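In order of appearance the chains are A, B, C, D and E, and numbering begins at 1 in each one.
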Amino acid sequence: MPINLYIFVALALFCIGVIGVLTRRNAIIIFMCIELMLNAVNLLLVAFSKMHLAEMGSAAPALANNGTDAQLFVFFIMVVAAAEVTVGLAIIVMMYRNTHSVDVNFLNRLKN
Amino acid sequence: MKNIIEYVWLVPLFPLVGFLLNGLLRNSLSKSLTGIIGSGSILASFIVSVLIFLDVKAGIDGPVIVTLFDFISFEDVSIPFAFQVDQLSSLFLLIITGIGFLIHVYSVAYMHEENSSHFARYFAYLNLFVFSMLLLVLGSNYVIMFIGWEGVGLCSYLLIGYWFKNIDYSNAARKAFVMNRIGDLGFLLAVFWLIGRIGTVNFSEVFSKVDSLSSLDLTAITMLLFIGATGKSAQIPLYTWLPDAMAGPTPVSALIHAATMVTAGIYMIARSNILYTMAPTTQTVVMVVGLATALLAATIALKQNDIKKVLAYSTVSQLGYMFIALGVGAYTGAVFHVMTHAFFKALLFLGAGSVIHAMHHEQDIRNMGGLSKKLKTTHLTFLVGCLAIAGIIPFSGFFSKDEILAAAFMKNPIVWALAAIGALMTAFYMFRLYAMTFLGKFRGTSEQEHHLHESPPAMIIPLVILAVLSFAGGLVGIPEVLMHDSHSLAKFLEPVFAESNRISVPHHPDHTTELLLMFGLMAVIALVIFWAVGKYKKYEKTAEENTGFARILENKWYVDEIYEALIIRPVNAFGKMLGKLDNFGIDWVVNGVGRSVQYASRQIRLLQSGQVGSYVLLMVIGMIVLFALQVFLKK
Amino acid sequence: MVPVLLILIPLITGAALFAVKQEATAKSIALLATLLSLALMLAGMSGYIDAAQMTYDQPWLGGINSRFHFALDGMSQLLCLLTTLSFPIIIYSTWNNQYDDSNRFYGLVLLSQAGLLGVFMALDALLFYFFWELALIPLYFLCSRWGGERRIQVTIKFFIYTFIGSLFMLIGLIMLYFKAGSSFAWSDFLNLKMTSGQELGIFLMLAIAFSIKMPLFPFHTWQPDTYEQSPTAVTMILSAIMAKMGVFGLLRWLAPIVPSATFLWGDNFATLAVIGMLYASFIAMRQDDLKRLVAYSSIAHIGLMILAIFAPSYSGIQGAMIQMFNHGINILGMWIVVNVIEQKFGTRKISELGGLAQKAPVLTILLVIVALANIAMPLTNAFIGEFMMFNGVLGSTATKFGLAYTIAALITIILSAVYTLRMIQRVFYGETNELTSKATDISFNVKLSLAIIVVGIILIGVFPKPLLSLTSEVSADILGRMNLK
Amino acid sequence: MNAIILSAILGVILMFSGIFLTSKTAIRNIATAGMALLLLANIAEQGGFRLFDVNTHNMLVFSKFGLLFNSIAFSATLLFFLVSAKDITNVGINAAEYFALIFFISCGIAIVSSFNSLLLLFLGIEIISIPLYILTGSDKRNLKSNEASLKYFLMGSFSTGIMLLGIALVYGAKASFSMEQMHSSINAGRNAWFYSGLLLVLISMLFKVSAAPFHFWTPDVYDGAPTVFTSFMATIVKAGVFIALVRLFDMSFVGSGYDWQLIIAIVTAATLFIGNITAIFQQSVKRMLAYSSIAQAGFMLFGVFSQNDFSREGIILYTLGYSLATIGIFAVLIKMKDYTFEGFNGLARTEPVLAATTTIFLLSLAGIPLTIGFFAKYFMLASAVKSGSHLWLVIFAIICAAISVYYYFRVIQSMYFKTGQAETEPVTPVFRWLLAGMAAAVIILGIFPNLVLQYLYF
Amino acid sequence: MNITQILFWFLTVLAIGSSLMVITSRNPVYSVLSLIVTFFALSGHYILLNAQFLAIVNLIVYAGAIMVLFLFVIMLMNLNAETEPQKNKWLRFAGIIAGGCFLLVMVAALRDADSRAATAMTTYGETGLIQHLGKVLFNEYVVPFEISSVLFLSAMVGAVVLGKKE
């Protein structure tokens, strides 16, 4: 498939994530939208990896060029995402414990 | 032994020493000691001056320059601290130290009421004045002259404000100082101009290089110098300080505001006569100003009732005559009149002082009268003075004033006519003064009458000496018409004015005209005198105010009020206004910057709303902007 | 070695004073230290120390090759002499003023002295900037710790105002640094090849800093407030010495380095200076607060120096240099008197005083002499300086408006007479009021300090030759660098 | 490499030390000793002595610059431990974990100061960020702390997303994550990917260093976090990210035939403006310091703006000076009972040493000569002047610097010129001596900055 | 229009549609579920691109672990539709506009990259196969791999710190 298609799809997903972050008030939803952004990036990376593979050919000696590292990068992104989720949900739960709400609009003790 | 002229620095040195002694030890010295130091120092320098004068009279080739040390010197300009002795300066030395000495002696008695430290302060000031005056006349360049020039101004400030408790007196002192300062700046500017054009201020070099100056430069320089002179010598427009200066002790008025300081202007112009001779425009201005001043002051003097004020205005008007003389190029006449005027005006002031002393500081002549019986010597000497100033032959005033009038006539009969009118007025107000003071019957309070007494000898003797001088002083300058080749003063001063005389030859009217004018005028003057005496002998104190013209004269043509309204008030208002502007204008702007920053701070901090949503929104907008800039504007 | 010692003595003593607890000892130590530096300075000038010792040059920052380079040429000597002479007088004349934790007070005073001396001796731009600030910081603390009731906001304004100026100067110096091939040496800054645009930029950056410091109208508004609010001892430092930093800067770091820009913009600054002189003099006439009066008069006097520098000629430059010294000691005298009055009567309002002459004749006489010097009476030191400056302005070949400037400036001489005499009259003459009736004459320390100043005034006024010969060489040099010789 | 591995190991050790050791003092000492060890190890590596021989396949390169920075960061952390370790253990209940996290962060810093592959940059940033989310929220009972933590986390992971998108695009263009490839020639059409990607990465980095308009998290987070961790975040962490940013620029942006100066200049100006202007109005010193850290970041951005040796020296000096001063101020701030400006009134009377040292630190932040802060600013300005373009930025910067004087000096005014009874926690003499030492260091480095800079060259 | 394209478009529409559901649906639970759908769609894409390993990991990690965790938390807090109030209208509007602009800008920035020709190889190429990736991961990428363990450690510690009751 033409790479541009993938790019646009990924961007679309990414921006949907951004819009979600901008429009929702529920911390968890916002967080989910961020995960969506990450996944958009993953798709993009995989697409690029295959694009480079297509260009270089599988016989290409240097690992740099046949797109393997992109897929590994995706793997690392997932790792990081998992870690983030652990921490993030912990924070949200802690917040909920204290305020019984996950509404970010109530987060305005700190301002100015 | 070396020539005494080499020791000319002794002349100012003695007064300086006297000043230091009296000034520093004023709390420990006894009055008598103070008096001795004060008068003695002047006497010493008088003696030296006499010796110098004799030397000069014996004949010197050209002025003698005595350099003490290098005062200011930068680049190629060098201003030495040097004295110049020639006929002119030696003559002035005599006048200053001589009269100065007499007045010191007089003061010892006059000021005896003061407590010793103030007494010492008084003599310190007086010595300092003499010192500065001597610097003025001895200086061999304009800068040294300027030092003396400002120095005498300072001393007159100090002496006018001598009784500093009285705020009016110190106001008068300030007025005198500031007005002098205005003039002095003209002088200073002239000095800079000279340096800028010919790079020197030494008289000898300046006068030798005078040809290298353009006529514009000459006019400018001479005009500026003349401005200085108007300040010092109380000419229009800067004359109003002199009458107020009468706030000082009477001997001070005699010495500073009659005999010496006020003649500094005349001296200066006479000294730089060559410049003026080559700047006819300025000469005309000088003459006109002199004439105007002479008349204006005379008119005012007609209606004054304060004995010292009358004398003050007469001084102004006499100075006017001197400037007329300078204006028409009769330098000798000017100097001559300076000399005689010094004699009789000092005499008159000291006489007035004696009267005031007797009247316990009463100065209003309406409260006097008939003093001739009690104060005989004073009366006689005063009469001599009046006759001298009125110009009655053979009193000194006659000769000097006549010389001026003659010169004026040659320049322009109208000038002569106006000057003559002035002379008539002079005679009138002087004898009005005389009559109201000494003739008629006493109008003061009884206890004043009870205390009336002749002054002590220390005051009388100077009076007598001065009376003699003002009677005989004129004989050094007997005009050609009366006695052939007997104008010894002119001959004596000849070298100083040689150059000017060479450029513009002074010609005399033919003898018949001159005699006609001379005696015609004198006859009229005599009539005026009799009229005045007759009119005011039987003067009675009356309640009613002067009206019309008399009132204007009594109020001195309202000149002070006009100055007040036109200059002083606006300046003060301007100062106040600027003061406001500084606080609420410029400073407001400066603080305004600070305020606006704080305002911005208060507003911008609202961006920090605490809402994650808005934060992210702003971030995204920021990203969009950066992208727009980077990706699109750049391509 | 001399320069280093001159800086180290006050620096170390000042730092040490923070440890000293007894107030009296602190005071004495401070006085001794200042006297020591004065002695050193005099020894250096009188030639007991060989000339090689008068400069000091050691590497400092290898990376950006800036050096510890001090030198004492004529101008530096003059100003260092002023500094080292003023500080003992300042400390001694305010001997009876009570400052709480005075050890800190005098410590800071000494630190500022170190800074000032450094400014006057540094021949390395970065070093110059360093001391420029080092002189400022202690003064800030002095003002806002021991000052009047409005001190805090006034001094922060003063600090920020001057700090902006300094930063502009820093940028200017950095530009010069790169222009001079990565060197901060003053000698390398001379005759650089620059486009007029660059030169103008650098000129303005430096000129702003100096104008604020001096101060030049219209950058002066911090000055009266600060002078009014600071403790008088500090006001003395500010006006007697610190104001000279700016003028010094013009002569050392501006005019010789960017001559053509100085020439091009000379008239603008000269005009500002003249306006400022008239402006300040007019305001001074209406001031009721002694400190503000002296402050404005100081603006006027500094203005004349600025004028003489921006309408330059030999005698003008030299006059300005001499006048820096003269104005320093004269204004010092004025402040001492103000301080005495404030200490005695607790007020600085002219309207509340009067008749002091009866009670304090000595003070009156000394003040009158100082005041006469202030209005440039002949035979006082100020006359020499102002005479040469006026002469220089009128004769300046760099401007067409010499005559106009001279006349305008001469007017301020009249005005200065007016307000000075007014002050004397209102404060000292007339009858005493209930406040001044129980006044006494001055104590010995004030008498001595004023006497020293007065003697200096007269001596220089009568025999200015030493100062003239001291500054002749350097003024010729500066003028040469301005391509006007 | 020493630092990375060692810090990880030390982190684990401390993690478990919490289980075996009960006395907090012991933990403190282990942590301090560990940090000292870490510092030594790093210095050893500077001397060319490597403990571990790991083939990083050129994903990490250890340059003098990075190593020198490591040393600075670790010594700053050491100082931080020395002056504030007690306060760390006073936050919440789990002391050991905090230290462990701080060691992990150090590991992250060591990574970003030597990364040579976008992957490592990404991992490093994450290793720095995630523990910070936790430390911010570590004061669990405190709602402000929670709020700060959540805000930080949400916005932080958002910026992570941005960064990843950027990296993906860069990869698309260059077919590699390695920094060497960044200048490899590609068919021109893909430059757009490359530049857009770099820009996105840059933006996320700017977020991390709290540059306007991506600074919004900073005041809230710094304000909400426990003060002791604010101190750590505001100094060492920020410095670390800055080094990452500078290296990223050096290796990829510079010479990419593309003019980045304009946007950097705009961001710098915005940061300076926002930081300084907003700081003026603050009433709490802590929050003021948060804004001041933004302002300081603005100055540090000069190091990114003008890429030359001046800026490289400058950024080192700046991070050092800034960290020293800020750690010191925060150390004092922690001791204060009242964080508002009024809380400092009359501190000079009650605690002269604290007041004096704080003054020196503030002067350094304001960039007054004789403090290292001056040279830091000097190098930044000089580098900008040298780069020649955008002189307006320099002018703007100095005006902002002058503004900064206003709020820094407000503290000094409170301490010295205003009367009051500033209340502090009890302060040990050791603490005073440490502060005095730091102040001395600030001044000595302010006179001889070469003491540090020489390590850049040999 | 071969099978690949059909699949591509189908998956794309599915992904975008469900992701839109994520941000629009009022009820968090629905959001979670639709996000899971999105992930499935993406895994489909991966398979289409012959990146089988990632496809599986994506399903296991995301759709499996992470989203279940989310769901769990939401249930725990029993957030239902009513409990989530809406942002004020303008802010949402602005948010949508901003997001849209961002999309536009990005698209515009990347569009003209002349990569029309470039295509992503689908259904072929064994890079995505697990044994290949594994080799590379444990040779060249061992350092980042170890480093990521540090990341996990800190996350773990963090979870403990935040979760532990005081």
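Everything that follows uses one rule, which is that a residue touches a chain if its C-beta (ideal position, glycine included) is under 8 Å from a C-beta of that chain, and two chains touch if they have at least 3 such contacts.
These numbers were taken from a predicted model, which means no experiment stands behind them.
Any chain that touches subunit C and also touches subunit D is listed here: B.
Central chain by Cα centroid: C, whose mean Cα position is closest to the mean of all protein Cα atoms. With chains reduced to the mean position of their C-alpha atoms, the one farthest from subunit B is E. The chain pair with more C-beta contacts between its two chains, of A-E and B-C, is A-E. When chain centres are defined as mean Cα coordinates, E lies farthest from subunit C.
With each centre defined as the average position of its C-alpha atoms, the distance from subunit D to subunit E rounds to 32 Å.
A straight line joining the Cα centres of subunit B and subunit E is 104 Å long. With each centre defined as the average position of its C-alpha atoms, the distance from subunit A to subunit C rounds to 66 Å. Note on chain placement: the centre of subunit A and the centre of subunit D lie 26 Å apart, centres being C-alpha means.
Subunit E has residues 87, 91, 94-95, 98-99, 102, 106, 109-110, 115, 140-141, 144, 148, 151, 154-155, 158, 162 in contact with two or more other chains. Multi-chain contact residues of subunit A (touching two or more other chains) are listed as 3, 7, 14, 17-18, 21-23, 25, 30-31, 48, 51, 55, 67, 69, 76, 80, 83-84, 87, 91-92, 94, 104-105, 107, 109-112. Of all residues in subunit D, those touching 2 or more other chains are 119, 123, 126, 130, 133-134, 137, 140-141, 151, 154, 158, 169, 192, 196, 219-220, 281, 403, listed in ascending order.
Two chains count as a pair here when they touch; such pairs are A-B, A-D, A-E, B-C, B-D, B-E, C-D, D-E. Across the complex, subunit B meets subunit E through its residues 613-614, 617, 620-621, 623-624, 627-628, 631-632.
For subunit B in complex with subunit D, the residues that touch the partner chain are 597-598, 600-602, 604-605, 607-608, 610, 612, 615-616, 618-619, 621-623, 626-627, 629-631, 634. Considering their complex, residues 4, 8, 11-12, 15, 54, 56-57, 59-60, 92-94, 97-98, 100-101, 104, 107-108, 111, 119-120, 123-124, 126-127, 130-131, 133-134, 137-138, 140-141, 169, 187, 189-193, 196 of subunit D touch subunit E. Across the complex, subunit C meets subunit B through its residues 157, 161, 218, 221-222, 224, 279, 282-287, 314-315, 318, 355, 357-358, 361, 372, 377-379, 384, 387-388, 390-391, 394-395, 406-407, 410, 413-414, 417-418, 421-422, 425, 428-431, 463-465, 468, 472. Subunit E contributes residues 106, 109-110, 112-115, 139-141, 143-144, 147-148, 150-151, 153-155, 157-158, 160-162, 164, 166 to its touches with subunit D in the complex.
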